[in-house]
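Several structures are given next for inspection.
Look for subunit A in each of the two complexes below; its partner is subunit B in the first and subunit C in the second.
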Partner chain A sequence: MTFFNILVFAAVSLAAGALPRARSWLLCIASVLAVYWLQPALPVRNLDFWLPTASITLAAAVWIVTAQKRVPAGEAGTPAGSAGSRPAREDWTALAAIGLTISALALTRYLGPDPILTPARPPEIGWVLSGLVIGMLILGGLWMLAPRRWLPAAGILVLLALFAAIKTDPFAQAAAAMLRRLAGQSAQLASPLDIRWLGFSYLAFRLIHALRDRMTGRLPDTSLREFITYGLFFPAVTAGPIDRLERFVKDLRSKPGGTAGMLTPGAERVLAGVFKKFVLADGLAILALNAALAARVAAPHWMWFFLYAYALRIYFDFSGYTDIALGLGRWAGVTLPENFNRPYLQPNLTAFWNSWHITLAQWFRSYLFNPLTRALRSGPRPWPIGLVILAGQFATMTLIGLWHGVTWNFLIWGCWHGFGLFLHNRWGERSRAWMPRLEKRPLLKKAYTVASTLATFHYVVLGWVWFALPTVESSSAVFLRLFGISN
Partner chain B sequence: MTDRSRFFRNVLIKALILFAAVNGVFAAVDLMPALGRVSIYNTLIPGRVRLPYGEDAQADYNLSLFSLEAMFASHEAAARPEPGPLRVMLIGDSATWGFLLQPQETLASILNRNSGGAVRTYNFGYPTMTVTKDLLMLSHAVQYEPDLIIWLVTLESMPQAKQLDSPILQNNADAVRALIAGYRLHSDPQDPRLKSPTFWNRTMVGGRRALADLIRLQMYGFLWAATGVDQAIPAEYDPPQSDLEADEGFHGLLPPVLLEEDLAFDVLSAGREMAGDIPVWIVNEPVFLSSGLNSAIRYNFFYPRWAYDQYRSMLADWCRRQAVVCHDFWDLVPAEEFSNSAIHRTPRGEAMLADALGALIAEECHGR
Partner chain C sequence: MSDDIEAKVSEYIAGTILKQPDRAIDPQEKLISSGLIDSFHLVDLSLYVEDTFGVHLDDTELNAESFDTLAALAAIIRSRQ
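So, the complex of A and B:
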């Protein structure tokens, strides 16, 4: 997100907050446009148009799959969008509005050589209309299949498969080669970077959440317009946070408190975010550890210096984006969940993960850790508690690691945190006996807190070595140099 | 309106007024040069061994900027001078700066190493080929009280028509105009290539790029200090062009005669005048001598033989007339010791020049 993007989004958010009757439509259409506007340009012809279109289609498809059993249209007390055994008129209107928006974007191709709101010139209108027809056929087919119980599970599998394909270099490379051939380009130049699908990770988390909650019957009924806005909400489309549908829709349906009341808190967050992102994070980016720097630095103190810079940079960058998203959301009348809470000042690793990328950790806790540990403890042969924790933490953290990319380094980073969380859990059990005595000695307690905060911070910082560098060799070399073992 | 909103509105209004006022003062006082002199180099971190210049800042840990104050403040020469050794300042183009050479492979570094501490050589070379740019650098370098100035020149830096072609000159228009007026140079002070900063350019907002460059120069200093890298050198590059066009032209000039007024000897004279009592040596730097196609017409990509031969003779004449020490090393370095152009030397080529020049400097030392 550039500064200009933020300015435009701020104007849209403020307009949405100031116009309660038009808010829902405004946010929906702005979110649809934003996925095209924010999508980076790609070397595969027209892919930077089709990927945002695929995001919208996926969101619409999941809406169809997760829509509640429909009740007759117009029945008193039914929420917007729930109507009969076919979509309600409002959903048809939303579908038409989204289709028209995409078509209008495609028509900008004929306004001149420079793209407008798309990273490159859109495809020929004929192709776009054909794509929309195919999309409609897919959605129609899903509508017919919607009552099938297996459909949400199949949807989750499809999303996970897409996820794996994008995040695994050989698969992404093969997909890029295929797409290049389809576009009439040389497959030899294919690279995993050809498929940079803006916001797919966060969209997939939201959609899996919807599908899974649909399976457990906890999902609220929503209209297509609300669901698309939830999946692609423009302030949060690039870097989260990952909201829950029921909470998001509640905000969307509530009457905003007026511009004046939300202006100040929103502005505070946006300004804080802009400062964190564009001043602190972008400034620190020069000093942050990277592969080239790691190969050139020999002295341990400098290596620590650049590693600290990396740790601070990644925090300010990510939490800056979150602040901007929260501020824009606030202006638009949507209170997105917090994602950071002074993570580097936490006294243990569990507390760190409760305050770093909070919504992601909560997502994994809800959909992986809790079900897994429950299953391991409640089966016919329950596992010992220590082993359950170990398996749960490792499975969760390695998957969080692999979410960033299927590489050895991300896997090790996940294991690093899984192991750390397990150790802290066991330490917590052991220290339970003498912790009350520590509470009675404030000075000692303070010293203990300072020491554990420093230890936690450094454990996290050392973990970034795996995260920041591309190979195990370079990371290992940095570890050795950090401790003065090797030059 | 709530109290909090009112407070926020007041803060916003006051901040805007303050920001506008600070910008106005910043522009009126022209604070940029003073800010340029504020540097972490030579205090928190070591000074750079050559002036900041970078084509890819992220890879080079170095960047090109237009603040001469910041450039010189980041140079090791700005540190407290060490008493004792003969202080030698090198000025010249990218070959003197050491393009495609690591800091320890440059002429200045080799001279320092070879002298065993008797000589302290500072590299004030800077890429782009115009002697007026060298003169601008010299105008700042003389403040470091050199005992000897060695000015490495080549014909490509001399044509009058291209004297103001360097971006560093164009973006320091006031300083260049002062040189033109002070030393009666032939360049036109109203040349449109010289960009005079407006009031807006001098505000913090208008000059934000220059301000950002000042900060980035300090930030990259940490990377320089940690790695000793100030230029990313590619593993492979194209060698100098050996097969040449059958073209006898040189910057629009044709044989048979090259006139002294076509070349910027006025700038060399200004340098000599600027140095005052400090001895100035003019060194005609080594050039690549091609043996490929049309090498009977041209020595290399830059020079037709007729023009270069006449330039050498003219330079020798000028030095004699001006009583300036002149060393002509034009053919000192064999063709295979040039890196990617007709003037950029390999580490071995650099060592050859350092040996020749070092011997002369040692004599100078001995004579004192």
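So, the complex of A and C:
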């Protein structure tokens, strides 16, 4: 997201907040346009147009699969919000509005050589219309299949397969080669970077949440317009946070309190985010540990300096984006969930993961850690507690690591945190016996808190060595140099 | 009845989770956001609630947003009994 993107999004958010009657439509269409606008240009011809189109189609497909009640023939136009109803006419209108928006974007091709709102010139209108027809046929097919009980589970598998394909270099390379052949380009130049699908990870998390909650009967009924806005909400499309549908829709359906009341809190968050991202994070970028620095720097104190700079940079960059997203959302009348809460000042690793990328950690707890722990604890032969915690923490953290990319370094980073969380849990169990005595000695308690906060911070910082560098060799070498061991 | 729910859950949290059977849990004391109950013990707590009161707590509800105090948990149990 550039500064110019933020300025335009700010104008749209403020307009949405100031125009309650048009808000829902404005946010939906702006979100559709934003996925094209934010998508980076790609070397495969027209792929940077088709990937945002695929995001919108996926969101619409999941809405169809998770639809709970259909309006019987003759009852179209049932008032919105009535119990168990779906205003079918409104959904058709939303579908038409989205189709027209995509077609209008395609027509910008004929306004001149420079792209408008798309990263490159869109495809010929004929191709776009053909694509829309194919998309409609897919959605129509899903509509016919939608009552089948296995469909949400199949949807989750499709999303996970797409996820794995994009995040695993050999699969992404093969897919890029195939797409290049389809576009009439040389497959020999294919690279995993050809498929940089803006916002797919966050969209997939939201869609899997919707599909899973549909399976457990906990998903609220929504209109297509609400669901598309939820999946692709422009302030949160690039870097989260990952909201829950029931919470998001509640805000979308409530009347915004007017521009005056939300102007200051929204502005505070946006300005704080801009300062963190464009001043602090970008300023620290030249000092932050990277592969080139890792190869050149030998002195341990400089290595620590660059590593601290990396730790601060990644925090300011990510939490800055979150502040901007929350501020923009606030202006538009949507209170997105917090994603950070002073993570580097937490006294233990469990508290760190309750305050770093909070919505991602919460998502993994809800859909992986809790069901896995429940299954292992409540089966006919429950596992021992220690083993359950070890399995649960390692499974969760390694998957969070691999979500960033299927590489050895991300796997090790996940294991590093899984092991740390397990150790903290075991330490917590043992220290429960004497902790109440510590509570009675304030000075000692304070010293303990300071020491544990410093230890937690350094454990996290050392973990970034695996995260920041591309290979196990370079990370291992940095580790040795940090402790004065030359290799 | 409501006191009974709070008393039983309080006893379970203090004795089984915190290993401090003499400790009194205040109904408004923050349990999850304060770090008193971690994610593993939350699952155990939900299994206890299921076994003792016949009330199911979904995996997506095991967080401070759904209930962060003994009083809030007791209210959920009562509403589903």
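By our rule, the second predicted complex is superposed on the first by the 469 of 487 C-alpha atoms of A that agree within 3 Å, B and C clash if a C-alpha of one lies under 4 Å from a C-alpha of the other, contacts with A are read in each partner's own complex, and residues count from 1 in each chain.
The working rule: a contact is a pair of C-beta atoms (placed from the backbone, for glycine too) under 8 Å apart; a residue touches a chain by one contact, two chains touch by 3 or more.
The shown structure was predicted, so the numbers you read here are calculated from the model rather than taken from an experiment.
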- Task: Have a look at where A:Ala267 lands relative to subunit B and subunit C in the superposition and call it first, second, both or neither.
- Result: first
- Task: Could you look at A:Ala299 and tell me whether it touches subunit B, subunit C, both or neither (first, second, both, neither)?
- Result: first
- Please work out whether A:Tyr36 is in contact with subunit B alone, subunit C alone, both, or neither, and reply first, second, both or neither. neither
- Task: Name the contact category of A:Tyr321: first (subunit B only), second (subunit C only), both, or neither.
- Result: neither
- Message: In the overlaid three-chain picture, which partner chain does A:Gly283 touch, first (subunit B) or second (subunit C), both, or neither?
- Response: first
- Message: Touch test for A:Phe163: subunit B only (first), subunit C only (second), both, or neither?
- Response: neither
- Message: By the touch definition at the top of the document, which applies to A:Asn370: first (subunit B), second (subunit C), both, or neither?
- Response: second
- First (subunit B), second (subunit C), both or neither: which does A:Gly428 touch? second
- Note on the structure: Comparing subunit B and subunit C in the superposed model, the one touching more of subunit A is C
- Applying the touch criterion given at the start, work out whether A:Thr350 contacts subunit B, subunit C, both or neither, answering first, second, both or neither. second
- Message: Using the touch definition from the top, list the residues of subunit C that touch subunit A in their complex.
- Response: 18-20, 23, 33, 35, 38-40, 42-44, 46-47, 58-60, 62-63
- Message: Could you list, by residue number, the parts of subunit A that touch subunit C in their complex?
- Response: 213, 216, 218, 244, 348, 350-351, 354, 362, 365-367, 369-371, 373-374, 377-378, 385, 388-389, 392, 425, 428-429, 432-433, 436
- The answer for subunit A against subunit B in the complex is residues 260-261, 263-264, 267-268, 283, 286-287, 292-293, 296-297, 299, 302, 305-306
- State the interface residues of subunit B toward subunit A in the complex, per the touch definition above. 1-2, 4-5, 8, 58-59, 215-216, 219-220, 222-223, 225-227, 229
